[in-house]
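Dumping the structure here so I can ask a few things about it.
Lettered A, B, C and D in written order, each chain numbered from 1.
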Amino acid sequence: MAFTVQVPVRFRHCDPAGIVFFPRYFEMINDVVEDWFAETLDLPFEKLVIANGAPTAQIEASFTAPSLHGDVLEFQLTPTKLGRSSVRYDLEAHCGSELRLKASATLVYIEKLGRSLPWPDDVRLRIEAQLPEADKA
Amino acid sequence: MAFTVQVPVRFRHCDPAGIVFFPRYFEMINDVVEDWFAETLDLPFEKLVIANGAPTAQIEASFTAPSLHGDVLEFQLTPTKLGRSSVRYDLEAHCGSELRLKASATLVYIEKLGRSLPWPDDVRLRIEAQLPEADKA
Amino acid sequence: MAFTVQVPVRFRHCDPAGIVFFPRYFEMINDVVEDWFAETLDLPFEKLVIANGAPTAQIEASFTAPSLHGDVLEFQLTPTKLGRSSVRYDLEAHCGSELRLKASATLVYIEKLGRSLPWPDDVRLRIEAQLPEADKA
Amino acid sequence: MAFTVQVPVRFRHCDPAGIVFFPRYFEMINDVVEDWFAETLDLPFEKLVIANGAPTAQIEASFTAPSLHGDVLEFQLTPTKLGRSSVRYDLEAHCGSELRLKASATLVYIEKLGRSLPWPDDVRLRIEAQLPEADKA
């Protein structure tokens, strides 16, 4: 089941065309990932980043319809692949029934500015529990 | 030949890990695209967006090495495919000889919040002149 | 009574020193003002900005203690002075009992990019009802 | 003599009204301060923030006329008061002859997240050399 967060579109997200400026979607996505870590992995980013990090190594996104100031977007995040020190997720954002954004990304768990680290066992178990059936080891 | 811009990494680009926060790369990319329109297509964004728009419909990026505050990134943009009202480009950013970022994206030329528009003839010619040989019609 | 909103400090708000980068406080303040308009003045910004605007004409802020990623800030906004087409407000943000930020600002109600406009009567009444006793006309 | 930097107004700075969103002015101001430290104080922020910091403790700004996408703003920064570990500056931004922004702010030189530090002697001398006559000790 997807992790779900509501994000209202704010004035600060919007460009002179009155629609969400695409880099602001990536700020929203980062907030969603932060919430996902805090609420489902018991690993809040503010603790994670003290000694380690989880930067985005790769991301792709399609913006299928414009979002307007005042819209409320429902983001859904699903982890799809778990590596030794990486995790891949799919993400969609809808406004009502309209798809606005579809994205996939890979995060890597690392030592501060350094080498990749294996996920801690408890985090690994919590991600595994959210994977689609076929991808569970 | 790629369109090239130098972008210094600023304090405001960097996160608590001291490296560029990935949504800030997309702000840099948007600046590069703005410069590319203004300097090579004779269609500055501030004129383009009065009546029309050129939103990013799709983008993918790989962040191959972290960038630090004080680094100077050299962005190179090459258009790779020109449609009736779209253009696809490849982009790389290096610091010295190290690749930091590789991206590809599709822009669509539109009426304000509306339907796609064919590129104006002069803009089409200017993009075509920059395409790799094989993709020129 | 002050209008109150909770704002969590996000990764994206924080700088390489690990504390909120001061321009991000102004983004938070703008969100608080947006909420204040929507929830207490029945004038959501997304409607207001269709034909008019309410830009910030002046602002001053003191940052009395640093805020860290993961902190939850309680913002309190009180309108203090109502002009023909302007409103002045005081704002404070606390984390627990610690004051982090104190600000005052003036907004002006305008025609799009143009001259100042008198506040609509219903908005004027709603702001007046929130003024400290001495400033009510 | 004021320290001067040109800043072009970018698409990313502008809001749905088509003018610079005021928190983006503070991002520009931070860039100007960064340039001032690097170019006149021989203390680039990327070195300063390794062990110490120079957060903004207080700032006030008046936005006297709107700035549009495509405008080029000339920022002028003048230090006005030098304390043991603080510096106050005045700043103005013009587009052509029109004043767009007037600000004053206080920075404090600190140990990482900690107590204020006296300015290093060489930095103190370089700021003093830029003070108006009356404020030189």
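Details
Throughout what follows, a contact is a pair of C-beta atoms (placed from the backbone, for glycine too) under 8 Å apart; a residue touches a chain by one contact, two chains touch by 3 or more.
Worth saying up front: this structure is predicted, and the values here are computed from it rather than measured.
Looking at subunit C and subunit D, the chains in contact with each of them are A, B. Of all chains, the one whose mean C-alpha position sits at the greatest distance from that of subunit D is A. As a whole-number value, the distance joining the C-alpha centres of subunit A and subunit C reads 29 Å.
The centroid of the Cα atoms in subunit B and the matching centroid in subunit C are 35 Å apart. Averaging Cα coordinates per chain places subunit A and subunit B 23 Å apart. In subunit A, the positions touching at least two other chains are 11-12, 16-18, 21, 23, 27, 30, 49, 69.
Subunit D meets subunit B in the complex at residues 10-12, 27, 30-31, 34, 44-47, 49, 68-70.
Touching subunit A in their complex are the following residues of subunit B: 16-19, 21-24, 26-27, 30, 49, 53, 55-63, 66, 112-113.
Those residues of subunit D that touch subunit A in the complex are listed here as 11-12, 14-18, 21, 23, 69.
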